[in-house]
Amino acid sequence: MDERIPVAVLGATGSVGQRFVQLLARHPWFRPAELVASDRSAGKRYGDATDWRLDAFLPEDAADLTVRGYDAALDSPVVFSALPAEVAGEIEQRLAREGHAVVTNTRTHRMEPDIPLLIPEVNAEHLAAIETQRRNRGWSGFIATNPNCSTIHMVLALKPLQAAFGLEAVAVTTMQAVSGAGYPGVPSLDMIDNVVPYIGEEEEKIESETKKLLGGFDGDSFHPAELVVSAQCNRVPVRDGHTECVSARLGSSPSPEEVVEVFDAFRGRPQELGLPSAPPKPVVVRREANRPQPALDRDTANGMASIVGRVRPCPLLGTKFVVLGHNTVRGAAGASILNAELFKEEGLLPL
Amino acid sequence: MDERIPVAVLGATGSVGQRFVQLLARHPWFRPAELVASDRSAGKRYGDATDWRLDAFLPEDAADLTVRGYDAALDSPVVFSALPAEVAGEIEQRLAREGHAVVTNTRTHRMEPDIPLLIPEVNAEHLAAIETQRRNRGWSGFIATNPNCSTIHMVLALKPLQAAFGLEAVAVTTMQAVSGAGYPGVPSLDMIDNVVPYIGEEEEKIESETKKLLGGFDGDSFHPAELVVSAQCNRVPVRDGHTECVSARLGSSPSPEEVVEVFDAFRGRPQELGLPSAPPKPVVVRREANRPQPALDRDTANGMASIVGRVRPCPLLGTKFVVLGHNTVRGAAGASILNAELFKEEGLLPL
Amino acid sequence: MDERIPVAVLGATGSVGQRFVQLLARHPWFRPAELVASDRSAGKRYGDATDWRLDAFLPEDAADLTVRGYDAALDSPVVFSALPAEVAGEIEQRLAREGHAVVTNTRTHRMEPDIPLLIPEVNAEHLAAIETQRRNRGWSGFIATNPNCSTIHMVLALKPLQAAFGLEAVAVTTMQAVSGAGYPGVPSLDMIDNVVPYIGEEEEKIESETKKLLGGFDGDSFHPAELVVSAQCNRVPVRDGHTECVSARLGSSPSPEEVVEVFDAFRGRPQELGLPSAPPKPVVVRREANRPQPALDRDTANGMASIVGRVRPCPLLGTKFVVLGHNTVRGAAGASILNAELFKEEGLLPL
Amino acid sequence: MDERIPVAVLGATGSVGQRFVQLLARHPWFRPAELVASDRSAGKRYGDATDWRLDAFLPEDAADLTVRGYDAALDSPVVFSALPAEVAGEIEQRLAREGHAVVTNTRTHRMEPDIPLLIPEVNAEHLAAIETQRRNRGWSGFIATNPNCSTIHMVLALKPLQAAFGLEAVAVTTMQAVSGAGYPGVPSLDMIDNVVPYIGEEEEKIESETKKLLGGFDGDSFHPAELVVSAQCNRVPVRDGHTECVSARLGSSPSPEEVVEVFDAFRGRPQELGLPSAPPKPVVVRREANRPQPALDRDTANGMASIVGRVRPCPLLGTKFVVLGHNTVRGAAGASILNAELFKEEGLLPL
């Protein structure tokens, strides 16, 4: 018998939802038990309701589940959410009120003052906000969020630098994969022989989420890091994997070799706890002149690591480097799953 | 009879060389009369020696010319050079010594202390260095260079800002088209579903050339602008058109609207003189949220304009924007041709 | 004063509609006077209603026209249609009834027994069906259609072979550009690093339209050519230009050289009449081993020619070759415009 | 201790060579013990000599091996060859003479009258030619080849049809991935927004290899199948995975459903023997309207299966379908490895 913890996936037919189902199908602790989608799919077999686009074949157990509607009562203690932002607010709050641990990739609640925006290697101490959240809202469950797919990889790289040297300012230019926009998402006429130098609200998200992630929580509220962040976001013809050119002004002036050492030595709570989805090293350093590249490096550590390269001096801010990461694994579904693994080990799941 | 000035093209069978031939074939002042390439092609009909890759058919007059070798004596007063950097030094110097106006796109002589690095809208006054150069070297002809394909478009956008507001620092991240690497150039395995975050020596060129272009010439030597420049260069799956995300710290703090006005009002010496290849406006402003894009905008003003968009505040440096330009037209062959047009109008051609 | 014939464009904001507006803006005989689109755009300035995606800037005269709704009464004697197939039937019929010459790229009426499916070089004699159509339907105007974008280029190549040698069977495999599906059209996740071996109803259209085009009209009805056609259609990551691999069983067994001669000598009614959009040669032969290629050859003769190459023996059917053509110029808007030019010269426009 | 059979890889630094090293590193029976490459690499550590392009990191054991030159004496009983065709002839023959089982992906010996061209599911009985080969040539070892990457997938699909219905004629149009041309291989300027309708000698290989594979061996020589094959080959912007549109005239006229059943029921010698690299089903059927697609389906059965779809009637030849397969796994290195596994189980390895 399958003794894994039953979990639900909200928005299970979309791009990130499919990634949840794929990653959970072979997860050692969780099993996808309830799949939720909009009325268009509710009542159908998941295998029939879904235009599966990840692998040759979708996991068989999941294929046979009947899709449930947005207003279904759920039995699973843990609920992963990949809902469209327009509908996430109400549904996620109802489920938290009803006692579920809602672990969401959707942006809706990310910046709320009592909801943690979490990267386990970066700010595991923000878990304390869950207690505050429950008290504030009278919920038996809770909501926890993970950051935007571009933010998460940049912040994984910045965190050890902040810890070692201090961090004052960051400029980042992203080259983002099309899977970040879902399916159908970006039209092919926008991507063949082209770059689109604009992604709606993305720059704002990177600027605000980075400060919350790298800031503190005092038991009552979050204190954003004192940090200047400037982002320029571009869509490029890549399926998966966001590439980001980062310049940083650190508190001191380390050499590139010292920066590389700090990246390489970085470990966080998931590595200490040995969480099943944790990459051995959250930040993997490539030393070749022309890496990381999305086609070659995005699947490093099963897509759960951030890969850095080209660490070198910046004449303007001091240090520059390139960071790359898988945007629908560590940048979305995998991030939520790692969060849920942390909750389990910290005794926060309503089991 | 064709009364146009006969010109030679060095490196005529390569990517930039082909672009020279294409643009000159329909030029009102110049006609391609001598085509020069390596021994592999010398002696052949140009149409047979060249794997023409620009248009359906190469210009017929040019096709019938016999390709000449690197050591051929040339009759044309004006020589355009698209030579490989490894061989350009000696050949270009010999031709300048022999009295030719050598107008080169090759990087070899760009940073020499008595050779102008020229964008006619930006630093036409650097022409004065030609006199110094001849005196220093005892040449009857001269060498003049144009910048790297990424530098030229960024500097066209920065020049009016420098003039209006002062300019202190620039950070730029480029997304460069593959035609910039020539043919065969970048392998398709590096570009399908991929980004390569590295272009050899490109960042160094942008950093040094920008300072020379925006600096002064005192009759004796060049004085680089006092300016911090930091570049990060990437190759993306685009045929033609470099896209660049620029952040600038200006001397004062103009609003985006003021910056746009300055871009829009910018005119230079080529526009005053009405040079045939001059774009009506060197900097064209797009006001849509998601422009400029290479596939849609690179051919603006026949590829001779720099197109800017997304002008907005930068939390870090003050002003940010995107600039795009055609890398083998205004970024290479077209730049040299515009330089030669300026020389003609300024009476500098050895006719 | 602009003395050109005023024309209307139905579906003016879509991909093919934009191409109509672009080609008509500089047309010597016609001027876009009325632009029609769905309720979403009606009442707006065309420049505001349209996400222009063809050139840097849309033609200024057209930009200032006010978009009209589907049920507007039109003054233009000639109406070009790029309507969605779902709405084309009723609207096109009403306009024909009201006296307009409706020249449509939409598929709705292509296979009707009294409506010509026309390629002027191929079956100009099918114009006789217009008389029959008016008589049958009591219309003062008429409807004429052009074929699907894949069919048109293949048939332009097959027609001279049919005339010279007879034609018994054709097998074709297409590799079609994404612009054929409009905008947003094909998602980029389907096209980056991918081929989609299916285009809905495309194979059926090629098989049926080819027979009507290469068949006869007896004054009363069409007689499809006795011909076996088998098509396999694929979508590939190309912006514009359909590439088609054709094998044909001809009535006799010409050598490749004889086939090339026949392609090269082919001329039709548009070339005789010197119609303004007619390519000098409807079929252009490339002799290089690896041509035609969409990126290099689609704009041959301003996108109005079909380009053939690789003519060689087929061990199975006798003759094989590759044909390429621009799918939104000669394959869509340009095809309709050439049809209208023919109507004008044949005295069929209601002027 | 590693008890696996030591094997050598010739041409180990190239694209196919890297794939051999990758697949063998985790192979249950074989271990890469000797890596051979040209003088440029000989003497270096494999990890330093190789620009590894397959995964984030190359297998560590292999990385530490010292690359050997082309003329090295080898100890491994089994030698896999991915040599350039220009040098393969002499080297492979020398090694066979010296007693090695040379299992080669290179084309040089494919069509020789006493050397088997082998797909274990298709013509395992051709193994008998090894005996003849040794006798003819006086070798203690032998050479066995696998087909071209396009041929192999088409023939895997045709074999069960030939067995069930008879096979008379085949027309195929391929859309081939760039990895088939190695690295650097196809320039990106040929592949962005483009199709190249030509691959040197590919059509000839498909036509001749198919007949040898589907023909017989009588103990003395091969008898090519009596079969007409016509191929048209194209390069498309895909990293891995060849897509092929096939029409076949079978001996009888099965329905698409019968064809699908035959595909689905097909098993060969590798499946009987349970060879470690054998896919559970050599031919996997997709039933969706728009599959198989390279981005989604090439990794089916770890890249060792051929995936068919769109089985439907062909008005010209009777049956048509699409077949897709991974060109550097089952189409190259994986094919050789499966051949070697068969040799081992058949007692043909010189152990």
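We just call them A, B, C and D in the order they show up, numbering each chain from 1.
In this section, a residue touches a chain if its C-beta (ideal position, glycine included) is under 8 Å from a C-beta of that chain, and two chains touch if they have at least 3 such contacts.
Only a predicted model underlies this, so the values are computations on that prediction, with no experimental measurement involved.
Among the other chains, the CA centroid farthest from that of subunit A is the one of C. Looking at B-D and B-C, the interface holding more C-beta pairs in contact is that of B-D. The geometric centre of subunit B is 40 Å away from that of subunit C, both derived from CA atoms. Each chain gets a centre from the mean of its Cα atoms; for subunit B and subunit D, those two points are 47 Å apart.
Counting partners per residue, subunit C has 53, 190, 192-193, 237-239, 295-296 as the residues that reach two or more other chains. Within the complex, the subunit C residues that touch subunit A are 53, 178-179, 183-193, 237-239.
The part of subunit B that touches subunit C in the complex is made up of residues 53-57, 192-193, 239, 284, 295-297, 299-300, 307. Residue ranges of subunit A in contact with subunit B, taken from their complex: 169-171, 173, 175, 190, 192-198, 200, 207, 228-230, 232, 234, 236-239, 243, 245, 247, 289-296, 309-310, 314-317, 320, 322, 324.
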